[in-house]
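As written, the chains take the letters A, B, C and D, and residue 1 is the first residue of each chain.
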Amino acid sequence: MGDCGIFGIYGHSEASVITYMGLYALQHRGQESAGIVSSDGSILYHYKGMGEVRFVFNEENLRKLKGSRAIGHVRYSTTGTSNIYNAQPIKVDLLDGSLAVAHNGNIVNAYSLRRELESGGAIFHTTSDSEIILHLISRSKDRDRVEAILTALRKLEGAYSLVYLDEDRLITARDPCGFRPLCLGRMDGVFVVASETCAFDMVGAEYIRDIKPGEMVVISKDGIESMMIHKSVSNNLCIFEYIYFSRPDSCLEGKSVYQTRKKMGRILAEESPVDADIVIPVPDSSNCAALGYAEESGIPFEFGLIRSHYIGRTFIEPEQKTRDFDARIKYNAVRNLLDGKRVVVVDDSIVRGTTSSKIINMLRRMGADEVHLRVSSPPITHSCFYGIDTPTRKELAASSSSVEEIESFIGADSLRYLSLDGLMKAVGTKRGKHCIACFTGDYPVPIPEEAGKEALEKVISRIRLF
Amino acid sequence: MGDCGIFGIYGHSEASVITYMGLYALQHRGQESAGIVSSDGSILYHYKGMGEVRFVFNEENLRKLKGSRAIGHVRYSTTGTSNIYNAQPIKVDLLDGSLAVAHNGNIVNAYSLRRELESGGAIFHTTSDSEIILHLISRSKDRDRVEAILTALRKLEGAYSLVYLDEDRLITARDPCGFRPLCLGRMDGVFVVASETCAFDMVGAEYIRDIKPGEMVVISKDGIESMMIHKSVSNNLCIFEYIYFSRPDSCLEGKSVYQTRKKMGRILAEESPVDADIVIPVPDSSNCAALGYAEESGIPFEFGLIRSHYIGRTFIEPEQKTRDFDARIKYNAVRNLLDGKRVVVVDDSIVRGTTSSKIINMLRRMGADEVHLRVSSPPITHSCFYGIDTPTRKELAASSSSVEEIESFIGADSLRYLSLDGLMKAVGTKRGKHCIACFTGDYPVPIPEEAGKEALEKVISRIRLF
Amino acid sequence: MGDCGIFGIYGHSEASVITYMGLYALQHRGQESAGIVSSDGSILYHYKGMGEVRFVFNEENLRKLKGSRAIGHVRYSTTGTSNIYNAQPIKVDLLDGSLAVAHNGNIVNAYSLRRELESGGAIFHTTSDSEIILHLISRSKDRDRVEAILTALRKLEGAYSLVYLDEDRLITARDPCGFRPLCLGRMDGVFVVASETCAFDMVGAEYIRDIKPGEMVVISKDGIESMMIHKSVSNNLCIFEYIYFSRPDSCLEGKSVYQTRKKMGRILAEESPVDADIVIPVPDSSNCAALGYAEESGIPFEFGLIRSHYIGRTFIEPEQKTRDFDARIKYNAVRNLLDGKRVVVVDDSIVRGTTSSKIINMLRRMGADEVHLRVSSPPITHSCFYGIDTPTRKELAASSSSVEEIESFIGADSLRYLSLDGLMKAVGTKRGKHCIACFTGDYPVPIPEEAGKEALEKVISRIRLF
Amino acid sequence: MGDCGIFGIYGHSEASVITYMGLYALQHRGQESAGIVSSDGSILYHYKGMGEVRFVFNEENLRKLKGSRAIGHVRYSTTGTSNIYNAQPIKVDLLDGSLAVAHNGNIVNAYSLRRELESGGAIFHTTSDSEIILHLISRSKDRDRVEAILTALRKLEGAYSLVYLDEDRLITARDPCGFRPLCLGRMDGVFVVASETCAFDMVGAEYIRDIKPGEMVVISKDGIESMMIHKSVSNNLCIFEYIYFSRPDSCLEGKSVYQTRKKMGRILAEESPVDADIVIPVPDSSNCAALGYAEESGIPFEFGLIRSHYIGRTFIEPEQKTRDFDARIKYNAVRNLLDGKRVVVVDDSIVRGTTSSKIINMLRRMGADEVHLRVSSPPITHSCFYGIDTPTRKELAASSSSVEEIESFIGADSLRYLSLDGLMKAVGTKRGKHCIACFTGDYPVPIPEEAGKEALEKVISRIRLF
């Protein structure tokens, strides 16, 4: 599963270095590519590359990203269209100047917008939603750039948190449902925006507030101005940000992700207790939930799985396949600790179920007597169309299998999920205040038939870069 | 000075390898970048890179260029905008399919066309004229692709010899003045097009005829069809193709470049004889003219300058500058041969005069008693706007200096140019049948004020890729 | 601080892939370079590169490492001589065949051995101790290779755990003090050797026993044979392997590193209790000790510092330096959790004290009321000369400062170290059974005057590769 | 066929840049690798790389080659052992300082010397003869470095022209037969040495004299000193330097290569006249000989073959092989010129005969009526063991076939070689004054049985780097 991270700053003498630091903090939201566009008031400078922030940027290319304004992006992507052309920010040069956009989220009417633009003669160079926004702006009849952006954004349906930069403005906007997080901060007297507050901690900025659903904020030398893209808005922040995506040291809607995850673990322990000797997390994403489970249940917390810091994207497996090599290279179970124990493993979610199965195998091989899997979120039954890279519905374990069937498939002595009510309680929310479509299928914004992966793939299959 | 080379083939089982061979033969027309687009009838495959054909292509990338149709391009460029984005062919993906274009020449109304397209919302990704053609096609209201291309080409003013490829058509066209060469051939029963006939010799194709000024030829599975872009056409093939650009083993308009160059040398000897001991060429471009001069004058031909085969784009010079290091690394004079001799050096042209000056210095240093420079073309007094990269007018030695002044500047004992009439006679042409604007300033197609380098640079300066 | 990791396998059809997997598990012992040498019985194949295992090896180069025998190495190094020439294994070609060596440890008489060999005409190509071993073997008068190696090893003083491979033998040896770990295992009926048992878990091998101090084991098609290098041996396994180097899922001398570290934490809590609200580790190396401290003290365990998985070797810092940028990019403190809390931070060791200082600053900035640092090892007062890259003595915080002075320097409310007795108790050992020289200065093998960094640097300074 | 080039300079403030320029002029002697070692009096700096000088060196790496003394090397090599380890100069660090060697030639007792050194424990890292010299020096008992080198050189049999550099001496030496050229010059008051005088022209140095066969010259801050390696010396400069290797603008033994080649062509015309319409060279190596032939015979000289400047090492050929693609990509015949003509092609030598065959095919295909091949050297019947990369004897066309058979094989209307006496006359020499072993089999230095390629390959096959 994946997402993206964005960052922006306006008016700082070291704008691109601050943006680079911000991207470092947002790296968990996407490792496929990283990019920065900066502006010195008359020219937009651009650098992007495949891979992690630490590999893409160096002193030399950062130094060339001149100017006091900058936006940055880290991208997560499915493998199919992983290439530098799709890396963001995307920057173009129009008659009256340059502009760049970086965005997080998924536009559900992207396919029909693109068809319409292409019918009008537009030539696309990427398969990214962001380029659609640029074409809409470029073709706008509005003479005022801010008006042109508003008009463009009003045509978009779906999820977007975005930052836009031209020669003298930094504009940030969030879709009317507020699917993806986006927040505003201040450092050294200037404004910064970021996907998550952990980026503010990194650069030493102070959190001011979240950008509101449907809000567009224009930052320029004239100061800051807020306006609404749409009149009708709602609160539909993706609840998975609490469960998995955001870093535990971030705050969402003013709430600590760390504490929320511990609460999920505590409620899970209340809802689904089990008689066991130790509680272990699947590190690092389930650390908090496992700690909550351990505290509530009174069962000792242990680090039964050691996570490697050196895993690559691909491994070369022996032909006589070592069982579960991919899991083995990521985690190693602590033999002496597990021997003869009844173990509760806490994981944050189950997507396909294959990793869970491998982990349970590994624990048993290392001597565990019983393995009970506790999941700190409800069963995922539906795909996400708002920017998270979930597999198609039929690949989701819980879309067609009961909990008992999954329990049996993964080989656990018992499997229990956190209830949806339990999750709501942990987050402190109620129905209609967060997007929970992946657990219920109730999509806040309707999904056009052609918006699925299939339609997108149609577009993509025409664009073969090698 | 520079130019570009194009190649195309339709219906051959090894289309991309044949195109690669053709580009090898056209390499002298441009060494900055090389590219091929091929088609298997449903998908367009694409590969391009910076540098010479031998460095860009290898077995692996050629193998991926599938299909029986292909077009290729080698590019010459000024340094400013030397980047992979401007490498050709340029390929884009539209709603109803992909298309690619490679072209040689310069569109003089490029700036105004681009302004117009950008006003209509078009987003450009390169500074190449070719992209303008693609946008014109993309925005055409014509439902038929051939009509759309005709309409697009009719908007272009200036010089173009181009090849276009989509899923099932190879289209080649030449501007109504026929500035740049373009010829049609046949091999293994299928059609090929190329900038010069030497590419046909390379691939084993037979020359059929030149593409006519203003002609567009459509090659498809239905065969070959010729149509005229414009009713009014003229013959204005660039006469410099005879003097310098084309390879001596090519034929232009059915005439041997080799023999034409020897004639230039012979007429030059008639017009400007001198009492001397040896005639030497500036190798290799002046070999033929020097041989002609030697034969006509009866003065022995010698290889007084040895050309290095290993010169790079840039040299590192010692700080205590060795005099004329750049010329020295390109040519070495044969000391024993020159010692005490009266030498006639034949060169094909003088642009700025600096190289001539260095060569004359070198010959004297190696012992030459007298050095007489004979140039096998008239003084270049005007810049070219039709695709040849000449310097701005004021940098041209002959634009503001008399022959005597240049003679003195370069330090020759005597300097003589071939007369314009002598050149016409050697080529077998008369006024109005070739473009000779660089010698006379009579431009066959008017040059818009903003068409100069300056306007282009305005566009380019907005597009800074790093 | 750093170390190296070695691996070897004899007789497996996928020897190089298994070795690659083993190196993956040993990656924490060295990330500077990685290499494998394999043998098919007549030729030795070789590949090595700078960086982590995942970046150095791919399917293509692994496939070329043919044969059923292989040895591998991951290297840690100081920056000065970080280059591919020093990467291991080192392989050479002698008159009677090829041979390769990979080793972990530091030869204290390396300088004098090298001087002696060079006086005899030997030409060195690296600054690595391993090359000394190869020259000793190459110059041996022993006709038998096993004898030659024994003779060579007997000249070495200091620490070494090594694997040697020639066309038909895998030899592994450990110095008479047994400074660095080395163990023997079996998988699929063949023998494997590795620095740590976690590599056996990775490849699915079974642990047999440790290689004994002073033992040399020859594995060939004739089976396995053990012999002693020296008669007099001792037990001086580096106690820092328990504290920091080895992975928690490894066993040393049959004892679980994980459990030993928890015991260190428990004893530390007994020895140095403190009234506080939460216990947090410096992740991940102090996780076990912190958990032990929390359990023993009854103070809740929390993840107060989040460790980034994406840190690079170097960061670009803003010029107006953000305070403690390097620590900040590695760890982020969880603001809401720490706010107003009295915090116990557990760390495994203090070297210079600068990192501790930065972490404490960070915790305070995020709201901690009190910060008490507990260190699960005694003060490091002396440099290591047996293979661990500790700084020179004067850079060690505890070599010249009292605990009170360090406490004040790092800004902790209190600082307490585990006592040496406490450490011994946790490890279950007594004086003379492990090397504890870094805490006491009692070096089991005398350090020649010229063995320090200074002498080595003298050698290195002559060998400047660029 | 191939060779190597060496250059050295002592006492110039821009020693490495001058060396780089010198290597540029010697590039024709080897394009496989290039390297420079410089010295500032205390440290030896080193850079080398694969490929041509222009690709290996840049401002950055040249700037790091500090100091006022430098030696350089360009290498030609057979494909088998083409790797960076064999690139020269080779530099090593011994106990008492660093030293580097670059050499041109082939040591015929290399194999036995290497065996002997390896038996004594020496570890080799390359397959280059130069490393043998370094090991001999390193193991010398002579306390004086000059003595040590003399002793080492006295053990070598075969061909060598070498330059040696240590912290404060530049030493140059030539084998007692003087197989390969080597000359001494002066520029800006300091001494330079080079394989050919064309390098002196390039850097602006003045030719002083040739280094004598068996002479060793020591250049240091104490001035220049000459000594003899052997008492008994002879004159056996490789006559092929006149025919092919040296650049025409160089002088050998004070004689112009250019004029010597023209004489070969003139004598060839006298010896083997033919009734024809034009004389054409195989460019560029046969230009001078062809011009001589044309002048003597009175048949007009023409450029019937155009040589491409852009040929790479490997070409991708179409599967339905275009006939003679490799020759075609290197040369193109000028169709109009050849049509219906009786053509004399002059080539400098025939090795295997395959290229001649392809060129003759090409000329006929382009319309030539008759093709007469004239070769400006005698038939090559024996392999060279003194540094020129000729094929094994059986691959040499003339080793087993008569002139008539070769004529028939290559498809010429007539084939004639220059007689050995004609060659001697052109060079102005007599029997015993030059090495002509490739034409006669009379080797001036006996070739040990194991000195052939086969023995060398035995060594090489053990050293597989990948």
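The working rule: a residue touches a chain if its C-beta (ideal position, glycine included) is under 8 Å from a C-beta of that chain, and two chains touch if they have at least 3 such contacts.
Worth saying up front: this structure is predicted, and the values here are computed from it rather than measured.
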item: Euclidean distance of C-alpha centroids - subunit A vs subunit C, Å; value: 36
item: Between subunit D and subunit A, distance of the C-alpha-averaged centres to the nearest whole Å; value: 63
item: Averaged-CA centre spacing for the pair subunit B and subunit A, given as whole angstrom; value: 51
item: Subunit D: positions in contact with at least two other chains; value: none
item: Chain contact graph, described as a line, ring, star, complete graph or other shape; value: ring
item: Pairs of chains satisfying the touch condition; value: A-B, A-C, B-D, C-D
item: Of all residues in subunit B, those that touch subunit A in their complex; value: 43, 45-47, 64, 92-95, 97-98, 115, 118-125, 134-135, 138-140, 462-466
item: Of all residues in subunit B, those that touch subunit D in their complex; value: 13-14, 17-18, 20-21, 24-25, 27-28, 31, 52-55, 57-59, 62, 198, 201-204, 247-249, 251, 256, 258-259, 284, 287-288, 291, 295, 300-303, 306-313, 315-320, 322-323, 325, 328-329, 332-337, 366
